[in-house]
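Labels A, B and C are assigned to the chains in the order they are written; within every chain, residues are numbered from 1.
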Amino acid sequence: MALPLRYSFRNVLIRWRSTFATVLGIALVVFVFVLLQSLAAGIEKSSGNTGDPRNILIVRKGSTAESASLISRGNLREIQYFEEIARNERGEPVISADVLVLVNLPRSDGSGEANVLLRGISARGVELRPQVRLVEGRWFTPGKREIVVSSRLAKRFANFGTGQSFKTGTATLTVVGWLDGGGSAFDSECWMDADECRSIFERDLYSSFLVRPASEAAGVKLLERIEADRRFKLKAEKEVEYYRRQTMTAAPIKWLGGFLAIMMSVGAVFAAMNTMYASIGARTREIGTLRVLGFRRRSVVLALLIEGALLALIGGVAGCAVAYLWNGYTTATMGFETFSEIVFEFTVTPRLMAEGLVFAVLVGLLGSFLPSVRASRLPVIAALKSV
Amino acid sequence: MSAPHIVTIRELSKVYRQGEINVVALNNISLDIAQGEFLTLMGPSGSGKSTLLHIIAGIDRPTKGVCRVQDIDLTKLDESGLADWRNQNVGFVFQTFNLIPVLTAFENIELPLLLTRLSAKRRREQVNTALELVGLAERQKHLPRQLSGGQEQRVAIARALVTDPKLIVADEPTGNLDSNSAQEVLGILQMLSRQIGKTVIMVTHDPKAAAFGSRSIHLEKGELTN
Amino acid sequence: MTTVGFIARNALRNKRRFILSVSSVAVSLFLLVTLQVALRELTNPINDEGSTLRIIVRNKVSLAQPLPARQLPTIERIPGVAAVTPFSYYGGLYKGDEKFTSFAQFAVDPVRSFDLLSDAKVAPEQLKAWAADRTSAIVGRKTAERYGLKIGDRMQFTGQIYPCDLEFKVAGVYEGTADDRNVFFHQKYLDESLGDPGTVGTWWVKASSVEEATLITDRINKAFANTSAEVRAETERAFQLGFVSMWANIKILIGGISMVVVFALLLVTVSTMSMAIRERFRELAVLKAIGFRRRDLFAFILAESFGLATLGALLGAGGAWLLYGSIDMQQLSNGMFLMFEVTPQMLALAFSIAAVLGLLSAAAPMLGVARTSVVQGLKTLD
């Protein structure tokens, strides 16, 4: 029969002064783990959230990113009249031929410069991306050197306010509005007219085509058709798929988070072990008494393991709670796929917090394992005799 | 009329190693203890009296010889067998009380019952009975640190009684008590033997405490004297 | 028995706790040092002796925007310029690599570029062979070794940035630079494969002297101001630092984590070491009773806690230094990390943290010793 839970529970509470440091240590480890993973989760969330499930994105075969892809106008001329592409009320094909340009601009806090992703879109470009809304000002006028920037980027770069202008290369672009990408990769972009973009940056070639197929079946046909045609050397896939696969930025952060957590937890396990040895060491007589009363070794081990786990769990809860304070906090870093500044939020998901708690409990269990076993191994008499 | 012997010890020896030396704690002890006796084991420090007590209580094993309690040969039981046996058949009272600091008096007394299959209701009844017996019903919700030494020891006796064992074993139970509390505790032990029929075996070096018992035996250097 | 022996014996009395305390210090300092090394590796530009003389010229729009090839003569004529070469990052995927290729490939003008790669050591006949064959390339020794490449072997790349796949013949191997991983090939070959767009990625310029370097960057910037392709010329170091500033957030992150690690470490170890010493209160009281003075006891306590912390630092920081000095990080990290070495500053930091640790964990016990009288101390049972 097992020792009552309240035995373990009360022992944790009563020794809080000496175990405080260890609990705090575990809290910190969990905090770092959850925070880093929430960074990665935020990046993945914004890329996973990007795109309209109906759309198909066409890039050059072999290019790893849209921004590195180059497609010719000849390709556009051919593809835009494919029957698989939907037509709008005016009979125009719903296709946007985009140009992606990286522009180096000064930050608003004067801390240097960073690359910003500019997307030149065609007339259909906005309607193909319904998740993007205008939150201030107006859309750019085709034929004019106007630009709509992401509201999230607006705070971070100089001269991104509506009505302001900035110079890049030979051109001056005027900000006429702010867009909100709805928590997607578009929150890190600035949009302007594709033709203006091509002329300013001397781009003969397009970066990508975004297409709305006439139907689901037409979409499948389109994918096959582009894949099969060797002249094109193009790759077509569902827009949402393409963005979901952009994991290059999140991957190293996840890895770092995992690595750090493991290393720090080694220290935490040592700490927990030390704490438990001390706490159990002061209770050998108590443990001996329990054995005299008839409690088996394994009941003793279990009760002590539970104590260790509870201790660590308290630390884990604290760590998660503090990490949660950062939930939703917006930050930015250089994305590895586009080499431009990407904005995203720390996303502390319930799953992450659960992982943090499990992690803490594991640390506690590992740390209390040896001390508990050792305590239970003591011959009863030795336990009774100890001071 | 002689009561049946509850404890039968024949040629019991205990030798243990301390570093490089073999220490003979008990040397060929033979002893019978009748049911209902209040036996005191006396002797100077290192005489083996505690060792003998431990063996009778099933906490230690002899190196040679036999110890039968209620016809059960303790030396034949394994670790878990002994644990179960202790739980049902022995109540132990320590010099240092050994109450669990984080449990209340009630919970401390209830501890041995948690190893049985009794329902919570039955457990409560038995704990209350034990509390009444030692006169501490009104202190059942107190933690050990809120009790005086004498009260702690009384709780310990209640704990020793709660599974209704035949044998109560006490190792210098009054060693850490002032004389008033000591008297109280010894009185309870005596009552347990005389009125309730428990067999009480007590180790003590204090002749005044020994006077409460019905019989005294002396040990010196591991052997019975007198 | 000497004093040191006494202290040592005391510390080792509870072997388990001793090992645990030292280990937690060691692990945390190891982690701290590793973080610092990784951070340095990722954010510190590689330092070449020649780099002080070199200038990178890129399109003012961004690094991703090409420059017109016709700018070359203008730059050559600028006073103080010793040499100019096109320098275009091709960034292809090497055949056989799955997801990414960890070494860079650059299109250059072979004859001009060798002035710029002043520290590189190549056999002169290999240089000649390279210059003569438009589809050839010279390869850094580290990459050649890693893939087992010999002169005459072919290397195939898929274009990830440029829409053309290229194949080079290995004409030579270079070594002696700070980054012996790169592949250099002909800009003309790239031009041909692209249909002669008339552009280059960047210009790589060598100044005739260090003093001239900054002046030259100004001159180059001015030379192309108000043209259709304005430039940003900066010294190689400034260029690399600019790159690094884009990583600003990562640096802060890692810096922040290092602080967290140090703090957690302090907390835990201080408390465990204090616990250890507190347990021996009675003994310390006995020593006092025997006649040792308070400051002797302080010395004992300090010596023990410093000893523990220093031992942990030796194992952790020292261990990291030994480990990273002996492994080939480049191999292990698939080319991501180049050097991965522990600098003296990092070691110094680790040991100072250990010292602070030693001090802090001795503080509480010392206070206790100071305040408790002999009698009280002797009464302490547990």
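Convention: a contact is a pair of C-beta atoms (placed from the backbone, for glycine too) under 8 Å apart; a residue touches a chain by one contact, two chains touch by 3 or more.
Note that the structure is a prediction, hence the values are computed from the model and not measured.
Among the inter-chain contacts, the highest number of C-beta pairs connects A-C. Distance from the centre of subunit A peaks at B, each centre being the average of the chain's Cα atoms. Here the CA centre of subunit A is 64 Å from the CA centre of subunit B.
Averaged Cα coordinates give subunit A a centre that lies 25 Å from the centre of subunit C.
Work out the mean CA point of subunit B and of subunit C, and you get 69 Å between them. The part of subunit A that touches subunit B in the complex is made up of residues 1, 3-4, 6-7, 10-11, 14, 285-286, 288-297, 380-381, 384. Touching subunit A in their complex are the following residues of subunit C: 16-17, 20-21, 23-24, 27-28, 30-31, 34-35, 59-65, 93, 158-163, 165, 227-230, 232, 242, 245-250, 253, 257, 260-261, 263-265, 267-272, 275, 279, 381-382.
Within the complex formed with subunit A, the residues of subunit B that make contact are 54, 57, 59-60, 79-80, 83-84, 86-88, 92, 94, 96, 98, 100-103, 107, 111-112, 114-116, 159. Listed in rising order, the residues of subunit A touching subunit C in the complex are 18, 20-22, 24-25, 28-29, 31-32, 36, 39, 60, 62-64, 67-68, 70, 101-104, 111-115, 168-170, 201-202, 205, 233, 260, 263-264, 266-268, 270-271, 273-275, 277-278, 282, 331-334, 339, 341, 387.
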